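Just below sit the structures, each encoded as structure tokens.
Here chain A shows up in two complexes: once beside chain B, once beside chain C.
Moving on, here comes the complex of A and B:
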């Protein structure tokens, strides 16, 4: 009744191919964008920024990156934490080596560097497949974390072995360092997320994305119809690394500020991002957002309900959280392998006909 | 004999012992993978869960004590008794069998016929679930594991004095070999022999191998797939229990125990997912390799190379031989 496409005529290829072909979706998208850019920055405070918005924005970028690799190209990776660490350390080195350059470019450059490293560790994917590859990417995870821990050049020979983000400004407003305002960091991350999502969406529905999906569905068949598996896989690793690197850089510079690599970018981070895309939906940009939102909100909700309302000890709530997340992963894989994104699609399908069944 | 060589030999021996422990974990993976095609990432957490259950029963802890206390405001912690190790072991085996049944019934029965990678991700979810569940059940404190079959025969601790003395007389340098590692090696040997005997000479073992060979053919001659899968998960649970006891006695029962699963993965990749001898040879290669690498190269690059050496070795190896040392040749068809 409210959600319909009747009367929404498409008279050109462009309008037929747009991301949101239904008018009401399109309006919803613009409203959400306007809300995120024009309303949230004025009402946001430090708690909301640090507990919900920043992690959501940053993990969404990481999830988009991993979704390109796992969801679209079918190459399972457990090295996300390591690649995020590459982004973070690249950003740190660039920030300290070229303080006069705007941090905006540093973040993009760190994405590029991570893309390169990701392609390097993706090379074995030409020979090995499936969970052999998943285990092989663990090599990247452990090696990179070890490297950043043990080679002092990466943390500028600081005594603590930590890296600390120095203060950098955009339009003379500080976005990193100790004197930031919640709205500034929020807007900075939001810009990156919107750009990433736009690029990723258009890549995945273009030629590159279709090649990835062909490789995912059956690599030998894809090769026979003329998809170059090496190029397709390497571009997937590259694109994925680019977004993951950006998210790692933002995670370090804007969200944490100070990073100890084993703690911030350990194997658990890899699993967290993987869980986000499983719950959200493999092979869907919207799913990346949904999964990130879900897994960022879940601990917050559990903490509010368990610790603040019921007065349980925090360790029990933490264990309960593990049980719930693990159970949800299994449940989603059994009931809805395409995740929240598929639930959303089904809902939309139902809404189009509602209230009449046919 | 030059001193450097004696050191290297000691490192080599210790690597062998560590390799046996890796192989012990890897065995559990191979068992499940062969019979059901599931790559069970939760094997390490199963070892942790088994060890925690064993200690919990030994010490007479009340399961879910913390949760009960939090919900009902009570203060229960222990039953106030200590269970002898043997009975605790039997109870733990029963718990592991129940767990195997539950996993099969509630998770993998619904995922039959899915792609292997989906099953793999399901086991990651299962690992998280089990980890939280074990912590809720027995709380997450680090526990000490003392395992005694009778009052006097406990798992030995400390270094082996006989070997120390013997090598001191032979090379002028005493080797430090842990008693526990020697025991673990012997236990692992017995376990492997028992597993091979089971799969070769018993009816259920042969059924297990038939299922591993071909699900449909096995089904058509009247083998119950469900039963075999529960059996295999139980066996894997038992192997996990043994591994959990050995590792737990070595370094205490704590969360890091579940990380040994991650160490077992490169072992499997090296040895091939489908081969029991492969798991053992792979374990020994990784164990010796990482200890020697740390010994010779570690000091040059800042140490702690053990964290990644195994993976990088396995990665390089896979590039040249994707099916591992003893794995079946991968044949692909469109």
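Moving on, here comes the complex of A and C:
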């Protein structure tokens, strides 16, 4: 009744090809954007920014990046944590080497550097597939963390091996360092997320995305119909690395401010982002958002309910959280292997017929 | 009847009072994960001391305390979330018990004007109060620990360490890397040989490190470990029959749970400390009476008197004394975080004060000043007796090499100040 495309006529190819062909979807998208840009910055405080919004925005970018590689191109990667570390350390080196350049460009450049590293570690994907590729990317994870711990040049020879984000400004408003306002960091990350999502969405529904999906579905068939597997896989690794690098840079510079590579970018991070796209939905941009929101919000909600409202001991709640997250992953894999995105698609299908299904 | 009404009114006011004014002490604890074995006793000691103050004295200066516990799991992301969610409640002082979280919170707490006390951990150069206005690490730092260990070895070896081989087994993180710079300086000064053996988080896999120790046969092994890493290291040392009396851990590597799993083989293992160990203090009678017997003990209540329990209690005691000092300075019982900071900077711990609190000779006497946030840095050595299952202090709390440490602190804090454009205070 409310959700249908009847009467929504398309008179040009452009309007027929748009991302949100249904009017109500499109409106919802613009409302969400307007809300995120015009309302949230005025009401956000430090707690909301640092506990919920920043991690959500940053993990969404990482999930989009990994989704391109795993969900669209079918190349399993367990190296996300390591690639985020590349973004973070690239951003740190750039920030300290060229303090006069705007942080905005540093973040983009960090994405570029990570894309390059990601392509390098993606080379084995030309020869190996599936589990074997997962192991090769796992090696990247361990190697990169080891490298950033081992070579003091990466952390500017600081005694502790930590990297600390110095204060940098955009339009003379600080976005990194301790004296930031919640709305400034939030908006900075939001701009990157919106741009990343736009680029990723248009890449995945364009020629590049179709090539990736062809490789994912059956690489030999794809090769026969004229998809160059090397180009397709390398572009997937590159695009994926670009977004993951951006998220790593933001994660370090805006969210944590000080990072120790083994702790912040360990194997756990790789799994976390992988869980996000599995729960959210492989091969879906919306799924990346949904999965990130789910895994960022769930611990916070459990903590608020368990500790603040019910007054349970903190360790019980922390243990319960592990149990619940684990249980949910199993449950999702059994009941809805295509994740939250598929649930959303099914809901939309039902809504189109509601309240008069056949 | 009137009397009854009056008492009811008074009790009602008393009951309502805590909601209006209380002193909030957040406890960023970790009772889960690979570091929980150390996190639990510390958190219990920290919580029990504040419970004791509430039950026995009605709080600090008549204002009850409120402990806000938040689970970090030794994880920096959760640490940030905990910090943000508790700072709005009027938190007076943060004690994150994690060097990683400390590094993150140093700029944040400074910007928010909340003091942070990192007792025997965190960023050592924060001892320079001229640069770090809101960070305190009295009564001792890692660099004191490193120098204390070397001084102890000097005393053991007749003042000469030339050709002495020392291996440092350390947690490969900001925490474990802290002492390296100091040890390298001391190496130049005393002529011992230093080899570095990093152990990656969480530290369960140490076969190769101990194989190397077996091959190189160092005279002494120093350890900067935490959590599960300690138990594994001591077990591995026992496996290669490394003489335990030549194995010295930092104060985070010397608690009951670290040595118990290795059984008798751990006998003679040594660890540094900056406070006293054991249950032989009058305060434990009060804790039994007001906290344990009333059923208000934190956690399972089975950690009382352990090394790390004592340390948590000591941390809480220093925080409470700083709050008292702040109340005296500012003439108000309901202090703010800014006033708490002044109290910490003017804190003076004397032997009489500790004796009055039921903790005679529990830690060193010291006073904090605007320039020195690091305290005197006195280091003692404890040794494990596996037969009696007790730690005992085997040396006096001794001075450390402040000449070397002072220069390093000035250098490191100076670079922090120039990176972050901080003007020196206290001038």
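Heads up, the rule we're going with is that the second predicted complex is superposed on the first by the 358 of 358 C-alpha atoms of A that agree within 3 Å, B and C clash if a C-alpha of one lies under 4 Å from a C-alpha of the other, contacts with A are read in each partner's own complex, and residues count from 1 in each chain.
Assume contacts are C-beta pairs under 8 Å (C-beta built on N, C-alpha and C of every residue); 3 or more make two chains touch, one makes a residue touch a chain.
Quick caveat, the model's predicted, so the values are computed rather than measured.
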First, second, both or neither for A:151, with chain B first and chain C second: first
First (chain B), second (chain C), both or neither touched by A:159: second
Per-residue touch tally on chain A - higher for chain B or for chain C: B
Touching partner for A:266 - first (chain B), second (chain C), both, neither: second
First, second, both or neither for A:138, with chain B first and chain C second: first
First (chain B), second (chain C), both or neither touched by A:315: both
Touched partner set for A:177, first chain B, second chain C, both or neither: second
Touching partner for A:50 - first (chain B), second (chain C), both, neither: second
Touching both chain B and chain C, residues of chain A: 149, 313, 315, 319
Contact footprint of chain B on chain A as seen in their complex: 74, 76, 124, 127-132, 134-136, 138-139, 142-143, 145-146, 149-151, 218, 220-221, 224, 267, 271, 274-275, 278, 310-313, 315-316, 319-330, 333-334, 337
Residue ranges of chain C touching chain A (in the complex, touch as defined): 29, 31-32, 36, 40, 69-71, 73, 75-77, 80-81, 84-85, 87-88, 99-100, 103-104, 107-108, 110-111, 123, 172-174, 177-178, 180-181, 198, 200-201, 299, 412, 419-420
Touch list for chain A against partner chain C, complex: 46-47, 50-51, 55, 149, 159-162, 164, 166-167, 177-179, 255-260, 262-264, 266, 300, 303, 307, 313-315, 317-319
Residue numbers on chain B that touch chain A, as the complex places them: 39, 66-67, 70, 107, 110-111, 114, 116-118, 120-122, 124-133, 135-136, 139-140, 262, 265-266, 268-269, 301-305, 307-308, 311-312, 314-315, 318-319, 322, 332-334
